[in-house]
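Chain IDs A, B, C and D follow the sequence of writing; residue 1 opens each chain.
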Amino acid sequence: MPAFTPTEMMTIAAARALSNDDVCFVGIGAPSAACNVARLTHAPDITLIYESGTIGTAPDVLPLSIGDGELCETAVTTVSVPEMFRYWLQGGRISIGFLGAAQLDRFGNINTTVIGDYRKPKVRLPGGGGAPEIATSCKEIFITMKQTTRGMVEKIDFYTSFGHGEGGDHRQRLGIATKGPTLLITDLAVWRPDRETKEFTVVSMHPGVTREQVQETCGWKVRFADKVEETPPPTELELKTLRDLQARTEKAHGGKKGA
Amino acid sequence: MAKFQSLQQAVAENLRDGDTVAFEGFTHLIPHAAAHEAIRQGRKDLTLIRMTPDIIYDQMIGMGLARKVIFSYAGNPGVGLLRRMRDAIENGWPRAIETVEHSHAAMANAYEAGAAGLPCAVFRGYLGAGLREVNPAIKNVTCPFTGEVLAAVPAHRPDVTFIHAQKANRRGDVLIEGIVGVQKEAVLAAKRAVVTVEEIVDDFNDMHPNLCILPHWTVTAIAHVPGGAHPSYTHGYYDRDNAAYLEWDKISADRDLFTQWMKDNVLAVGPEAFAVRVQGL
Amino acid sequence: MAKFQSLQQAVAENLRDGDTVAFEGFTHLIPHAAAHEAIRQGRKDLTLIRMTPDIIYDQMIGMGLARKVIFSYAGNPGVGLLRRMRDAIENGWPRAIETVEHSHAAMANAYEAGAAGLPCAVFRGYLGAGLREVNPAIKNVTCPFTGEVLAAVPAHRPDVTFIHAQKANRRGDVLIEGIVGVQKEAVLAAKRAVVTVEEIVDDFNDMHPNLCILPHWTVTAIAHVPGGAHPSYTHGYYDRDNAAYLEWDKISADRDLFTQWMKDNVLAVGPEAFAVRVQGL
Amino acid sequence: MPAFTPTEMMTIAAARALSNDDVCFVGIGAPSAACNVARLTHAPDITLIYESGTIGTAPDVLPLSIGDGELCETAVTTVSVPEMFRYWLQGGRISIGFLGAAQLDRFGNINTTVIGDYRKPKVRLPGGGGAPEIATSCKEIFITMKQTTRGMVEKIDFYTSFGHGEGGDHRQRLGIATKGPTLLITDLAVWRPDRETKEFTVVSMHPGVTREQVQETCGWKVRFADKVEETPPPTELELKTLRDLQARTEKAHGGKKGA
C-alpha cells in the first residue's frame, strides 16, 4: 500500500461516502477536496453546488473561495444567491450538506462563530455563513475535520449550526424534519451517530491508528462501536487523483499576481 | 435615471455620514474602488451591510468609518479571519463597532424582501441556531394555513448600495454576468444605487433576453472604473488576485503596517490605480 | 433524474386521476401537446392550477377532466372569454367545476413559495379587493417588525407540472428562453415534472452562465414534441398562431362544434400532429 | 383639423397623459395602444412593462396578448413572472398602471370578474389577472374605456380592483399608500377625481361632444368641473402614428396561419 498522510486518508474516506446521485452543498476546504475527489473517481455525475449560486459545477482545480470564477464557468447554471437559498437549499433539493468545523461536540453541533462569550469573545471567528440553514435543510449532513482537543470539545461555545442538540430526538422536538449529521470523518477515524443517543461513535479507524490516539485528540470520552473496522487505505487511483488535484490547485492559485 | 459621473462625484453625492450602506459582491465583482473612494472621502458612522464582509469592510472598519456592521460571514475568503474587524470587536480599535449577525439565508432573504418592497423576509431558518438568542432582529411568523413557525427578519433597505458590474450602455442600463450574487436585490432594495463598470458600450442589442440587467431608471450613478473590483475579479475581464488576499492577512495583522498600507495604496491614489492593478490578471 | 420517454408514456406514468396538476406557460410555451395527451388518456377529477387558463384548460374542462380550477385570469388572450369554462361555471356542462380565484400576484407568489419549500406565500396584496370575501384561501400575516398586515396564500404544490421548453440536452437538463413566465417555479414546486421540448441537443456548453436552466435531477420525464406549444409559440422556433386563437372563439361557442373539433383534432391524432401545425409559422 | 373617430380621440388623449420619465405597467387593448402612441410621439424614452416579464419593451406592432414574442425581442430585459410581481410591481417601481374596465363606478373601482352574483354569475368574465395589485402598487392609475351605461355604472357587481372605494380617504383607511385612479379617459371626455370626494369629474370634453352625450352614456349622474375645457383634437402626427401602428398590427396579426 502507498504511503499517505492522515489528511489524505481523511479526504479520501470522505470522498468515498459520496455517490453519483448525490446533490451536494459544498463548503470550502476539506469538504471541497473530498467532493471533487469523489467526482473525479467513483462519482462522475455527482452534482456539486456552492452557495455562490453555481449548480452542477466541475472545477479543474479546487476553488480558493466559494465564488471562484471556474465554479461558474464549469457549472450547469449559475443562479442568484437569494434563489440559491430559497429554491435550492430551503426547497429541499440538496441531499448532502458537507461542513467543516472549528469546534464540534459529540452530537454534531458546530461552532464557527466565537471562542469564549459571544458579547466578549476571546476569538471572533468568521461566523456561520450558510451553515445554520444548511444544517437543517439538507437531507443529511457530513462533517469533516482534523482531530484536536481544541476542536472536538465537551461543550461548544456557540451553536452556530444545530446537529443533534442534546442528542436523542432533539431535532424532531424542534420540528426539524431532516436527518442532520449522519457521518463524521476525521484524520483518524470514521464516526457515525448512535441510533438512539445520536452520539458520534467510532465505526472505523484509519490504518495504523490506535484507540488511544483517537481519544488523546478528542475532548470528550470517545465511544467506540462494538465492532470497529479498519478504514481501507487509499488506492493508488484515489491518492493520485487527490495529489494531482492539489498540484493543479497549487499551480493555479500560486500563479498570477496583480501589478 | 442613471447619471454618468466620476467615482469621486458619485460617492460625494450619494454617500453621507450615518448612512446605511451596502457594498455588495459575492466573492466576484466586489466594489473595491468604490469602497476606497468612500475611505478617501472620510465618511463617518456608517452602518455597513454585507453578507460576506471581507477585505473592503476590514479596511473601512480599520479606518474608523463604521459604527455598525450587519453581516453573515466575516472572513478573508479562502485565507482566514478579518483582523481589523476582529480588532474592532475584541479591542475597540480604532473605535468600537456594533455587530448584527445573521445567516446567509437570512441576509439573502432580507435583500430579496427589500427589493420586493416588503417590510420583512419570511423563511425557514435558524432552527436550533444560537444566533436566535443573540440577535433580537430575528423573530417569528406563523403560517396561517399549517401553523408552522417560520423565521422573520427585517428587510434590508440601504440608503445606498454600491456594486461593480461588467458593462453599462450609453443609456445607463447595467449588465451583471457570472456569479451575480445578491447585487440585483441589493440595488433594488436601496434608495440610491451607484455602479462602477469595467466598460461602457453603445447598446445591449443582440444580448440574450434573460440576462441580469438593471434598467437605467433603477441606477442613480455610473462610474467607469476599469479594474474596480481588484483584488476580486470580473468575469470576462480579469481573474482574482489570490496573492493579494494572502498578503492582506499579513498587512491586516499589524495596526501600523495596516495604517501605512492604507496611506500608500488608498489615501495617496485614485480610482485610476485599479486599471494598473489588474494588468496581467 | 430525467427519463426520455414518448409523451404517451410520460403522461401515463406521471398524471393520475384526482391529481393536482399545473400545465404552465405564460402566453409563450404553453404545453398544448401535453394537455391533448392528457385528454386522450381521459384523466378524471383533476384540480387544474394555472395563472392564465386559456385554450388548453377550456378544452380539458369542456372534455370533463376537471373537478376544480385554481386560476387568476380565465380568458382567450387578446380575443375574449373562455366559453367552455363559462359553460361549466354557469351551466355545469359537461360537469360542474369548483373554482378558486386569485390575483396574478398571488398565483405567482404561490408558485414561488412552492419552489422555495415554504407552506405559504406572503405578499402585499388584495387590498380592497373583492376576492378576499369569496376566496377563503386568502388570509393574513402581520409583520412582527412594522405591524403591517400582509396577504398570505397557500403555496402551490402540484402533484405534477407540465411545461414546454426549447431544448433539452442528452443528460436531461432543460433550457427555457424568452418569456420564461412561472415555469421554473412551477417545476420546482411540483412533486413530478414533465417537459416537452422542441429539440434535444448534445450539451449546453458555451451557453451564457445565467440562463434559465432546469438541471436533469429536477425533471421527471422529457418528451421530444416539435411544435408542442401550438397554437402558442416557442421563442426561436415558431410564431404564435393568432388565427387559431380567433377560431377557438367560434369553435368553443357551440357544444357540438366543440365536441366534433376535439374528436377530429385531439382524440383522433397524436403528438406528431403538432410538428405539422407549426409549418409556416 | 383632420377627421377622427371618438376611439382615436380617446387613445390619443390617453397617450398625451404619459411622459418620457414614466414607467408604465400596460394592460392589453386601449391602454397598450395609448402607451405605444406616446412612445412613438412625445415620449420616446417611456418605459413600458407588460406583466409577462418584459421590461422596457418597444414593439413595432401592438401585441395581441401580454406575452407576444415581440415584447420580449424588443425589451431591455425579460424577467420571470414572480420577479415581475415581487421586485417591479410590489417593489413600487411602476409610476403608472394603465387599466381598462368592463364595469367602472364613479370612484374608479373596477369590475372585470363577474356580471351578477359571484357564485351564480349571469356572465363569468375573465377575472382580475394582475389588476388587484396593479391598482394598489402603482404610484397612480389611469383608466381608459368607451362610455356605455352598461360599463359606467352606479354600482359595480364585484370589486375586482380597488379605486377610491366609497370615495374620500377610503384608500388611506385601508392602509393603501398609493394615489389610485387619477385619470379617466373615455371616447367622449377626460375625467379627474374631485380632490375631496374622489368622484370622477369631467374636466375636458372631446371636440363636438355635448354634456348630454356624456350623461346619456354614463350610468351615474355626471359631475362636471366648474370650467370644462375642450380636448385639443388629434394632430396630424398623432393620428398618423396611431393609424400606422394599427395598420402594421392588422397586417402582422392577420398574417401567418398554422397548417
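Everything that follows uses one rule, which is that contacts are C-beta pairs under 8 Å (C-beta built on N, C-alpha and C of every residue); 3 or more make two chains touch, one makes a residue touch a chain.
Since the structure is predicted, the reported quantities are computational estimates derived from the model, not experimental observations.
Peer 1: Any idea whether C-D or B-D has more C-beta pairs in contact?
Peer 2: Higher C-beta contact count between the two pairs: C-D.
Peer 1: Greatest Cα-centroid separation from subunit D: which chain?
Peer 2: So the farthest one, by centre of C-alpha atoms, is A.
Peer 1: Centre to centre, by mean C-alpha position, how many angstrom separate subunit A and subunit B?
Peer 2: 28
Peer 1: Averaging over Cα atoms per chain, report the distance between subunit B and subunit C in Å.
Peer 2: About 39 Å, centre to centre.
Peer 1: Among the residues of subunit D, pick out those that touch two or more other chains and give their numbers.
Peer 2: Those would be 72, 78-79, 86, 90, 137.
Peer 1: Scan subunit B for residues touching two or more other chains and write them down.
Peer 2: In subunit B, the residues touching two or more other chains are 112, 116-118, 123-124, 148, 178, 180, 185, 209-212, 235.
Peer 1: Looking only at which chains touch which, which shape fits best: line, ring, star, complete or other?
Peer 2: other
Peer 1: According to the definition of touch, which chains form touching pairs?
Peer 2: The list of touching pairs comes to A-B, A-C, B-C, B-D, C-D.
Peer 1: Quick check: in the complex, which residue numbers of subunit A touch subunit C?
Peer 2: Result: residues 21, 23, 47, 55-56, 72-73, 75-79, 86-87, 90-93, 137 of subunit A touch subunit C.
Peer 1: Provide the residue numbers of subunit B that touch subunit D in the complex, in ascending order.
Peer 2: 1, 112, 115-118, 173, 185, 188, 204, 209-213, 215, 217-218
Peer 1: Tell me, which parts of subunit D touch subunit C in their complex?
Peer 2: 28, 51-54, 63-69, 71-72, 78-82, 84-86, 89-90, 113, 118-119, 121, 123-133, 135-137, 158-162, 165, 170-171, 174-176, 253, 256-259
Peer 1: Could you list, by residue number, the parts of subunit C that touch subunit D in their complex?
Peer 2: Per the stated touch rule, the residues are 26-28, 51-52, 71-75, 77-78, 81-82, 85-86, 89-90, 101, 103-105, 108-109, 111-112, 123-131, 134, 148-149, 178-182, 184-185, 212, 230-231, 233, 235, 239-245, 276-281.
Peer 1: For the complex, which residues does subunit C have touching subunit B?
Peer 2: Those in contact with subunit B are residues 116-120, 122-124, 139-146, 148, 150, 152, 154, 177-178, 180, 208-212, 235.
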